[in-house]
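Think of it as A, B, C and D in the order they're written, each chain with its own count starting at 1.
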Amino acid sequence: MTTETLIWLIPLPPALAFFLIVLFTNKNKALSHTVGVGAAVLSWLASMVVFFRALSVEHLGEHPFVSSVNWLPTGDTWFRIGVAIDPLGAAVLFFVSITIFMIFLYSVGYHNFGQPAGDHDRKGLPPHGATVTDEHGHQHVVPSVEPMYSRFFAFLGLFAFGMYTLVVSDNLLTLFVGWEIMGLCSYLLIGFWYGKPSARAAAIKAFMTTRIGDVFMLLGIGLLYSLTGTLNFREIFGNEELMHTLATPGTTLFGLSLAGLIALLLFIGTVGKSAQWPLHVWLPDAMEGPTPVSAMIHAATMVSAGVYAVIRMFPLLSLDHNTMTVVAFIGTFTAIFAATIAVAQNDIKRVLAYSTISQLGFMIAALGIGAYVAAAFHLVTHAFFKALLFLGSGSVIHGMEHGVLHTGNHSVDPQDMFNMGGLRKKMPITFWTFLIGGFALSGFPLLTAGFWSKDEILADAWANGHLAVFITLATAAFLTAFYTMRQITLTFLGEPRTKEAEHAQETPWTMTVPLMVLSVFAIGYGWVGIPEDFPLLGGLLPSWFHEFVGGTLAEHPEVIPFNPVPLTVSLVVALGGLLLGWLYYRNVNSAKEDFFQIPLLKNKYHFDEAYQVVFIGPVIWLSEVFTKWADQGVIDGILHFFGPATGGIGAFIRNKIDLPIINEFIGDGLAAVTQETGRTLRPIQTGRIQQYMMLSLVILAVVGALLYFMLGAGL
Amino acid sequence: MTTAQIIFLVVAAVTLASAFMVVTTRNLIHAALWLVATLFGVAVTYALLDAGFLAVVQVVVYIGAIAILFIFAVMLTRKEMRDQGPQLNSGWWISALLAVLTFGGLVGMLWGWRGMDTLASEMPVGFDSINALGDALISPNAFVLPFEVASVLLLAALVGAVYVAFNPRSGDSRK
Amino acid sequence: MDFLKDPLKLAADWLIGLMTGWGMPEGVATGVAAFLGIFVLIAILMVIDIFLVWLERKVVARFQDRIGPNRLGPFGLIQPFADIIKLLIKEDITPANADKVVYNLAPMLSMMSVLILWAIIPLAPNILGVDLNVAALYIVATGAIGTLSIIMAGWSSNNKFALLGAFRQVAVMVSFEIPMVASLLIPTILSGSMGMNAITRAQYPLPFFILSPLAALIFLIAAIAELGRAPFDMGEAESELISGYNVEYSGMKFGMFYAGELLHAFTFGGFWGILFFGGYGLFGLEKLPALAFLDNVYINMLTLIVKAVIGYWIIMWVKYTMMRIRIDHMLAFNWKFLTPLSFALLIVTALVHALAKDASPWVYGLSMFLSNLVLGWIVVEFLRRYSRAEREKVEGPAKPAMEAAGH
Amino acid sequence: MIPLSWYLIFAAGLFSLGLFGVLARRNAVAILLGVELMLNAVNINLAAFWRYGNVADMTGQVFAIIVFAVAAAEVAVGLALVISVYRSRNTVVADEIDMLKW
């Protein structure tokens, strides 16, 4: 099979799995997850084959794998859609396929496959546990299987389909299609437990918020297409003349160039998708979904998709300095802003959610200062360790729920970190993998992947003279290390603070295996991007990532010379943050003792309330007013006028015209005449065939005679 | 008067007399048998016209099939077979008048026609009218289409007749 | 030597010469001579007919392991004359409510339909009534008259058995006319003519029963049905309808039906010989130089009569060995089997003829024979399947022999 | 020799007789008998015109044969109708079969 065919086939298995599960295997849980995981394995295998074939190609950036077909006739030409794998695509495909596969596997354990059905579980609500009786007659409450188990895998499949489609697309349109499929799936998955009002609200919120970004993105796509006549990345970026025209400054509003405007519009889409300020509000709420969903959305796929799209459009973005500034600002601001909120959160998943926002801000900021390889590198490493962290947190929650079921005290929130503590003994695998993920997030020096990627961003900022960005990001990195250590300390270290934490249990292999696999990547993946001239370590391993992904662009980005300042700074902030966090939180036993429970941070700078007042409230008010005045008053009024008026006209026509003239004169009159004529002529129709024949013969004879005598004279 | 003329006159007289019996005789079986006689006369007329094929086909089709069918039909509608009431309807004299008028009109029209006294040309030596007829019937340049249409008509009539005359009750009782 | 070559013409010329010598106009003399010829022919036929009665009785006796007539004359040869005398002196009864004219007309028509067949039978190349160019159709046309005579007899007798018999017989005859016409068309295709002489001549060197054995078989079956003889004797069916359409007839009127039937069978034996077995030809023997003396008018006549007797014997053979077939089976046999088969054969023959007519006679003959063989094989195969299915319908699915044996 | 007019007048007579039968007979079967007579009259004309015209042109005979076919079809359907009517109405008198009227 050629590589191109294989690329076409990558998105297919999850889509097929979706239809198979929805249409046929819905009733059978084992079959459903077999189909789903099998599809993920197939896609993963195909992706790996494609990835390694891509590795073996020299100068893949100039000769990527491309294949396209005619799709939509547009006048004389065709709009072509197709697939393309260049170095960036290959790198993204690598981590996407692995994380998706891991998440599929993890879901099997997370949804308690193999456990009995719940005592009073209902569809749309998380499972509440089942009572079983063991051989000694003791009754236990054990976790129960998710009631909508099959549906979950179907949604996951569709989601994976969207992501793969997005990654392998060679044009903006199919990328957007995959983007929107993911938007739908995130809605479905966040609202998976639709029985919970909060989940419903979160699903709507996520959908509506990302929709704002998507509208702008669609505008950007439309503008791009109207200007260039194509949406294919290579065709646009490979056309230097076109790029030059687009780069002409000051032709549109705000003094932006066309390229800048398009890039800005597309970037707004990313802001929505990757949850950048000011459209970040949906992401923390999205934690209402099952934890694999959180990992899927916030680590592996959807938020990565936003960054991926910006990286894809980087050649266009880099044409306008003003847009770059905007991007850099938003990224930097988001990084520090989300990090401060994360410090004050108590929910284990929410901390990670804000952490994600913050890290995405890092990437966006890196793009804004032109460090696009660093952004891609951080994207990949972040995907691995953040997926690890989310799955780890899911594992923790799962263990805590076990404890909750054991004690039967349902008032204890299994996600609140202050209810945990000392879990490292109960859940050793989860602890160690979580520790690896947390250290990678913090940028623990030398060992972890996060260190290398984050260091590269800081180094880029320093080297390119973006001092404000550098300082802000350094601060954010410090905060990251701090809240990560806070999380680890509160969760795993010390002694159990509740009975539930005492009874927490390690999770099954389907959940721990993905953790272990991902932790390998969370450490090892950083080593492919060690700068060449790093002291001691530089050169031990080739700086492969830089070489490979850097080849995506026409001009290879220059390698930044080594500088000790950013290295020192990142060492200090990472180690300092970790140390401070451990020192402070090992003594904190409850939320009240926590100094950082600042109301402003706790309430996320009141953004939700502000949006409620500024946007949502007015819209609802307007809708109500419109209903009352415009609809009920004006439109109904008009209708109420027309009703009687029509009735009156109808009555007039009926009584004065229809009844006397049409009915009585024309209608009845004609009928009467016809009837009378018929009655008169009726006896002629005797029904006797011979009389008819005789009559016609007589007529024939008469006519013949007449003809003969009148015309015969002339014959 | 030649022999042929005498033969023709005798045949024509017998044929017309039989035809008259067909339309006037009371007994319908006799009418059908008289019809057979008439048809024989017509067959002889064909033979006189050197149309041997038509003569034989006349016997096969008309006497062998149609006349038999008539006799069957008369027997199947047996109530009328011994019907001693009037066999002509009340307006029969108008019919007779019309028939006479028709005959008169036809003869009158023929009277003024130049071709009336044409005599038949000799049959060409070696001319086989059956071969010519066969060629004409199946030659694409001649009459293959009317011939085929006629065959389809026959088939349709066959199916239609079976359907119309089929008695579902008796059909059931046999099973 | 003319007497050996063309005796009929010689006799006619002599007669006409004689009569014109008496002062008769030539036309009248010709007519009288022709009438005399017909008279003589009929007289001979009637004598043959008498011996046919004897033959039939003798043969059926042998079939039934009896001796048959043996008292009167040598081998009982005088017996048929005694029968005739008995029929002649019997009382001639006409039923009271019978339709007298029709009643008396029917046996005459019956006999006539047989006798006029002899107008076209070529006893030798020049010994025949008329070499009609539509002779094959003529055979069917006379059959129509026979049909008419039977329905007249059945109806006019005013007897329900007679009417029923007539109905059944007529239904059979009208039905079997169709395969008969189709099978008559096959010699027509093969010889390119409907004339009896042309058909006879076309059978040198290969008689048509080799070119088209199926057609010969179909013609034989249709002829037996047309004759109303067992196993197709629907009209008489002694055990069910007493004697069918001729139940009310007695004396010589019955004799005419009876003699007509026998003569009819003999005639069809002759036609079978003419149409499929080379007529008056001796299968090409007479064309051999060494046997040229066989190419002789009298040998020709003898040949045809022997062939006719053999045909008649086969018809008798069938009659006295087969059981009567039920009327619905018979009509179904015709409409669902014989008619489609004869049409298929007609189509196949026409196709093969169109394809192979320019080839050598031997290739032509071989391809005709093979096509008949193939069609026959298909039919037999089809029949085998059908009868097995019917049997299984009655007896349930047949068990394979091995299983039944307990293996 | 026989002039053409003899055949034509003979055919006209046959036709008129048939017409009378069609118009005057009460029995539906008899009406069909009349129709047969008329068809035969037409056929005589066709054959006669063939013989007295160009003999090589077979149009007259061909149409006579087609008339045979039509006659057979007409008789088959007509008699089937008569029998069908007889079954349901128990009559074959044409005047009594007058359901199709006002």
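Note that in this section a contact is a pair of C-beta atoms (placed from the backbone, for glycine too) under 8 Å apart; a residue touches a chain by one contact, two chains touch by 3 or more.
On a predicted model such as this, the values are computed, not experimentally measured, just so you know.
In summary, the chains found to touch both subunit A and subunit C are B.
Rounded to a whole number, the gap between the C-alpha centres of subunit C and subunit D is 34 angstrom.
Inter-chain spacing, taken between the CA centroids of subunit B and subunit C, is 28 Å. Each chain gets a centre from the mean of its Cα atoms; for subunit B and subunit D, those two points are 6 Å apart.
One finds 90 Å separating the Cα centroids of subunit A and subunit B. Across the assembly, subunit A contributes residues 690, 694, 697 that each touch 2 or more other chains. Residues of subunit D in contact with at least two other chains: 19, 23-24, 94-95. Contacts with at least two other chains are made by residues 53, 57, 65, 72, 89, 91, 94-95, 98, 102 of subunit B.
Contacts between chains form some other arrangement here, matching none of path, ring, star or all-to-all.
Looking at the complex, you find that subunit B touches subunit C at residues 3, 27, 29-30, 33, 36, 52-53, 56-57, 59-60, 63-65, 67-68, 71-72, 75, 128, 130. Residues of subunit C touching subunit B in their complex: 27, 99, 102, 132-134, 137-138, 140-141, 143-145, 147-148, 151-152, 155, 163, 167, 170, 174, 177, 194. Residues 678, 682-683, 685-690, 693-694, 697 of subunit A touch subunit D in their complex.
Those residues of subunit B that touch subunit D in the shared complex are 2, 4-5, 8, 12, 15-16, 19-20, 22-23, 28, 31-32, 35, 38-39, 42, 45-46, 48-51, 53-54, 57-58, 61-62, 65-66, 69-70, 72-74, 76-77, 79-80, 83, 86-89, 91-92, 94-96, 98-100, 102-103, 106-107, 110, 115-121, 123-124, 127, 129, 132-133, 135-137, 142-143, 146-147, 150-151, 153-154, 156-158, 160-162, 164-165, 167. Residues 1-10, 12-21, 23-27, 29-30, 32-34, 36-37, 40, 43-44, 47-48, 50-52, 55-56, 58-59, 61-62, 64-66, 68-77, 79-84, 86-87, 90-95 of subunit D are the ones touching subunit B in the complex.
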